[in-house]
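So, here come the structures, one by one.
What follows is subunit A paired twice: with subunit B in the first complex and subunit C in the second.
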Partner chain A sequence: MRASTSNLLLIGPAALMVLALFLYPLFFSLVSAFTQDDLSFTLAHFVKVFELYSNDIKFTVIIVLSSVVLLAILSIGIAATLTLSPFPKLVAVLALLYRLPLFIPFIVAAQMMRTFLAKNGLMNNTLVAMGVMTPLETVSLLGWSGIIITFVWKQLAFSTLLISGAMAALNRDQIQAAQNLGASRLRILVDVILPQVMPTIGVALVLSTVTIMSVLSVPLMIGTGSPTMITADIAFRVNSYGDYHVANALGMVSYLICAGLAWFYLRQSLKDKGALS
Partner chain B sequence: MSQTMTIQHRGFRSLKARFTLRWSFWAQTAFITILALALFGPIANLLIWTIAETWYFPHTLPNQWGLKYWQQVFNPYSDVSGSLITSIIIALCAVVVCLLVSIPAGYALSKHTMPWRVGFMLLFLIPQAFPNLTVYINIARIFYDWGLNGTLLGVVLVHSVHGLMYSVWISVAAFSSIDPMLSRASRNLGAGPIYTFIHVVLPQAAPGLIAASIFVFLESLDEFTGTFFVGAPEVTTLPLLLYTASMEGNYQISSITALILLIPSIGFMLIINKFMRPEMLSKLGK
Partner chain C sequence: MAHLDIRQLQAGYGDKTILHDINLQVQKGEMIALLGPSGCGKTTLLNAICGFVPTQSGEVHIAGHEITLLPAERRNITMVFQSYALWPHMSVAQNISYGLKVRKIPKAQAHKRVLDLLSIINLEGFENEKVTNLSGGQRQRVALARALAVEPDVLVLDEPLSNLDAKVRLSVRHELKALQKKLGFTSLIVTHDQEEALVMADRVAVLNQGRIEQLGTPEDIYQQPQTPFVADFMGADNCIIYQASTPSVQLNLANAAATQKLALYFRSSAAELRTVSDRTEAGLTISGVIEQSAFLGQQYRHTLRSGDQILQADSRQCWPIASSVSLHVPPHALHVFDLATHETPPSFQSNSRG
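Showing the complex of A and B:
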C-alpha cells in the first residue's frame, strides 16, 4: 500500500465525522435558507427576516461591535502590562488572575451574571452598602449591557492569552533598544509592539465574534425579551414554530456578521502589507 | 560649577523617574484590584446563592443561610445526580470517540510530507471557525430523520465533532514532538509497525493525548447549545438542568449545579496551567 493511501485511511474517520456532522448540516442550512419546501429558489425567508427581525439584527451588531472593542482595549491593556511592567510581583498576580474565566463554562458565567447584575445582585448591594446609591436608585443591568459584560468577562481570558502570547514571542532586543533610547512604555507599546502583534489581535477578535454568535445561553439567560440577539431568535423560530427556513435565513445573517468582521480584518492586514493601495 | 549643575540635574531626573515609577506602581495595582473585583464578584455571588435559603430585595445579604438545597441536590433521586451521571457518561464517550479518530489522524498529520496536510488541518478547524448555532439546528433536523434525536448517541456525536478540533490539533502536536529515532530503532530490531506504534510511539505521545482528552471532556461537560437542540427533552445534562432551574427562578439549585460544573473546570485548569504557557500556544499548529 502506498504511504499516501494509508495516510488517507488514517485521517478518513475523523474527516468523515466533520463532513457528515458539520459540513453537511452547514450545506443543509444554506439550501434551506434559499429554498421553499419543494426546493424551488426563493428570497421570501430573507424578506420575512428583515420584516420581523431588523431591530434584532441591529441590536446584535451593536452588541458584537461593543464587545469586540471592549475586548480589544482590555486585553491589549492586560497583555501590555504583562509584557512591559517593571514590577515582577504584580505581573505574577495579573498573569494568574486574568486566566480565571478561561475554563469557566459560558452557562455558568451566564448564571453568575444573572444574579450579580440583577437589581438585588451583589454588585448593586455592595454599592448600596458603600453608600454610593440608595436601594431605590439601583437598576438591573440585565439586558444589552449585561450581555456585553458577560461576553467580555468570559472572553477576556482567551483573547488576552493569545495576545500576551504573541507579545511574549516578540524579540526583546527591540523593546530594550527603544527603552535605551528613552522611549516611554506607552510609546513602545504603540510604535514597537502593537504593529507586530496586529495579526494575533485580529485572530483573537474574529474568533471571539464567532464565539459570541455561537453562544445561546447568554442571550437567553441575560437578555430581556425584546429586542434580543438573533441567536435567541433562531432558537425561538425552531422551538416554537418549527420554522427552519426563517431560522436558517437568520443563521445566514449571523454568518454575514462574522464574515464582515473577518473581511474587515483581512482587508486591514492586506493594506498594512501594501497589497492594496 | 558645571559639574555641580550636572549632579543637581541628575538628582532631579532620578527623583522624577522614581516618582513616575511609584505612580505607575499604584496605577497598576489599582487596575489589578479593579480587575480582581470584577472577576471575583460574580463568583462570590454564585457562592452566596448556593448557601442562601431565602434572599429578598432589598437585603444586602441572604435573610436565611443554610444547606437545605444541598441536601435536595444530593438526594439520590434528585434531577441533579441523574443529570450529573448522564453528563459524565456523555463526556467520557465523547473522549473515547475523539481519541479513536484523532490518534490515527494526528499520527498521519504529524508527518510534514503528507499531501494536503494544511487542508486537512483547516478542515478540523472549521467547526470552531463557524458560528455553530445554525449548524446545530440542522443537525437536530437531520438526526430526527436518522432516529438519533433525543438519544445519548446523538448527543455524544455532536459533542465529539465540537471537541474534534482540540483532539486532532493537540494530537498532531504530540506526535510531532516525539523522537523518530526510537521507532526506527524498534523497527530495525524486528518489531512490527503496530507493535512499534503501541509500545514506542503511543507512550511518548501520551501527555499530549491526555491534555487533548481533558479538553474534549471539559468541552463536552460544558456544552449547552448542541444538547439543547439534539438532546432535549429526553437527555438532560447538567448545563440543561442549570438552564431550566435558572429560568424557573430557582437560583439555589442552578447555582449549586453551576458550582458542580465549575469544580472540574478549575481543577483541570490548574493541571493544564502547568503545561500551557502563552508562549507555547503561539507554536500550536506549526
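Showing the complex of A and C:
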C-alpha cells in the first residue's frame, strides 16, 4: 500500500503536467465544440462546419493523403538508395542533402517555395532561360500542388531519416545473403528490407500526417485562399470572429481525421503481427 | 584444371589494399580452410570472391569462366555467415527456397528441394517454423541449407561456427564435414581456430597480413611450417633465438652446426623436462629454472626461464617452482628458421619431418 502511494507521488508531477497542459485543454475544446455560450448542448457548430467548410475538409484530406503517399514513395526510394547503392560517393552527397530540410522551419520553407513556384518564380525563370518554355506558357504552382510540394519537401527529411535509420539497423549480412542467392537490388528491397522496416514506415507516415494537419503557415502562404486547409479555417474563425465554438468543432474534425489514420495504421500493424506469429 | 582459380588477386576497401597477390587454386569438391589471426584478410578474401569487395587487380575464374567483374548476384557463389543472416520475417522453408524463387524454379520443384534439404540437415518438419524460434545450431543449419539450395559453384563459410557454444560447435562441425563429403561441394571456410581448420579442411591456407603464408595439407601445415609465423600460429609458440655462443642452450643436430643466428620453434607438448645432467643428446637442450606451473588436466604446463627467454613445457609430473631443470626437444619436433631470411636453412630441412 505504502509502495503504491509513493509510486503515485513519483508520477504525480508528470501526470499533473499532462492533465493541466493537455487533457484539460482537450476536454475544454471538446466541451466548447458541443455547447453554446450558456453551456447547453448543441450540434449547431458542426452543422455550420459542414455547411461552410466541407470542401475545405475534403481538400485537407486529399492534401494529406497525397502528401503522405508521395512521402512514402520518395523517402523509401532515398533510404533504399542510401542502403543499397554501390556508389559510396553518391550516398555521401545524398545523405548530406536529404537532411537539410530538417533544419528549416515550415514558415521559411513556405516562403522559399513561394519564390520558387510562383508564375515568375525561380523555377519558371530557370526553365524560360534554358529555353524549355516561353514566358507565356509558365504556370504558377501556388495552390494545392504547391502545398503538397512544400509538405513533401519539408517532411521528406524527417521520414527518410527514420526509414533509412531502420534500414541501416538491419544486419548487412541479410542483404548480402540475398545478393549472392541472385536477388537484384529491387528484389532485396521488396523481399528483405521493406517487410522488416514496415513498422518504422508506418510511424514516419503517421507522425508526418499529424505534422501536416497542424501547419498553418503553408496553406496561408502558398494556398489560393479557397479551398484551404482546416488549420487556416480555424485561424480565421478565431481571429476574425472570435468564434471559438466553430473553431473547436473544426479541431474535432482534425482529431477525427488523425484518429482515422492512426486506427488504420494500428490495425495494419496488428494484422502483420498476427500473420507473423 | 582448378574449379576455382584465383590469380594475383589484390583487393581492399577504398584506397586501402588488404589482400596482396593472392594465388589459390581450389579443385572441385575440395574444402579449403583460410586460417589466420583477426585482421589478416581472410574474410576480405571471401568477400572478394563473392563480389562484395571490389577487386583492384588480378583475376578470379570459376570452371574456366572469369567472374572478376561480375556483380555478386550473378556469381553463383553463396555464403554462410557467422551471424546466420536468416531473414526473420520468413519461415524456415521461405528462407531455404528464396534462392530458388529468385531463379524462378517452379514451386512444386522448389518445395521438393526444400524437403530434401531439411532431411539432409536433420530438420524435417520444421518448414513452417519461424527462424527466430530455432536454436543457434539449427539456424546455422538452415543457413547452410539456404546456401546449398541453389547448388552454388562454390560455397564460402565465414566463421560459421563462431557464434555457437562449444558443444554445439563440435556437432555442427561434424555434420558440416559429413555433408561436404556426401554432397561434394567445393568450399572455402574461414576460421581462426586451428583445430577447426585441421579437422575440416582438405587443405589449409594460412594467411598473414593479406598474403598466403603457406598452403598445404593439414599435416604439412602442422608438421612442416614454412615460416616462423605459421609455426607460431599452429601452436609451436615457444621461440628461442639460438647462437652458438649461448652456454645454456645446446643444439645437437646431425647436420653441420650453423654459425648463423637461428630461431627455433617448438610446441610445449613436444618438450620434455629432465633433471640437469651432462648427457648430450640429439636435439635441443636448454637449462633453466621453473618459474610457474599450471594444471591442465592431462599434464602440467611449466613456465621455464632460461637467461631472458621464457619457455613453456608440458610434463606429466609437477616440477617444484625454482628447481633447475633441463628442457629437451627431439630433432623432429624442432622447427628451425634462419633469423635473417625467415626460412628453414636447407641443411636443417630434414629435421622437421616427423
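The rule we apply is simple: the second predicted complex is superposed on the first by the 255 of 277 C-alpha atoms of A that agree within 3 Å, B and C clash if a C-alpha of one lies under 4 Å from a C-alpha of the other, contacts with A are read in each partner's own complex, and residues count from 1 in each chain.
Assume a residue touches a chain if its C-beta (ideal position, glycine included) is under 8 Å from a C-beta of that chain, and two chains touch if they have at least 3 such contacts.
Because the structure is predicted, anything quoted here is derived from the model rather than measured.
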Which superposed partner A:Glu51 touches (first subunit B, second subunit C, both, neither): neither
Which of subunit B and subunit C A:Gln174 touches, first, second, both or neither: second
First, second, both or neither for A:Asp37, with subunit B first and subunit C second: neither
Partner touching more residues of subunit A, whether subunit B or subunit C: B
Touching partner for A:Leu23 - first (subunit B), second (subunit C), both, neither: first
Contacts on subunit A seen with subunit B and repeated with subunit C across the two complexes: none
Of subunit B, residues touching subunit A in the complex: 21, 24-25, 28-29, 31-32, 35-36, 38-39, 41-46, 48-49, 55-61, 100-102, 104-105, 107-109, 111, 114-115, 120, 123-124, 126-142, 157-158, 160-161, 164, 168, 218, 221-222, 224-225, 228-229, 239, 242-243, 246-247, 251, 254-255, 258, 261-262, 265-266, 268-269, 273, 277-282
Touching residues (chain side subunit A, partner subunit C) in the complex: 88, 171, 173-174, 176-184, 187, 191-192, 195-196, 276-277
Partner subunit B, residues of subunit A touching it in the complex: 4, 6-11, 13-15, 17-18, 21-26, 28-29, 32, 77-78, 81, 85-87, 90, 93-94, 97-116, 119-123, 125-126, 128-129, 135, 153, 161-162, 164-166, 168-169, 185, 200, 207, 210, 213-217, 220-221, 231, 234-235, 238, 244, 247-248, 250-252, 254-255, 258
Contact set on subunit C toward subunit A in their complex: 14, 50-52, 72-79, 81-89, 98-99, 102-103, 130, 143, 146-147, 150
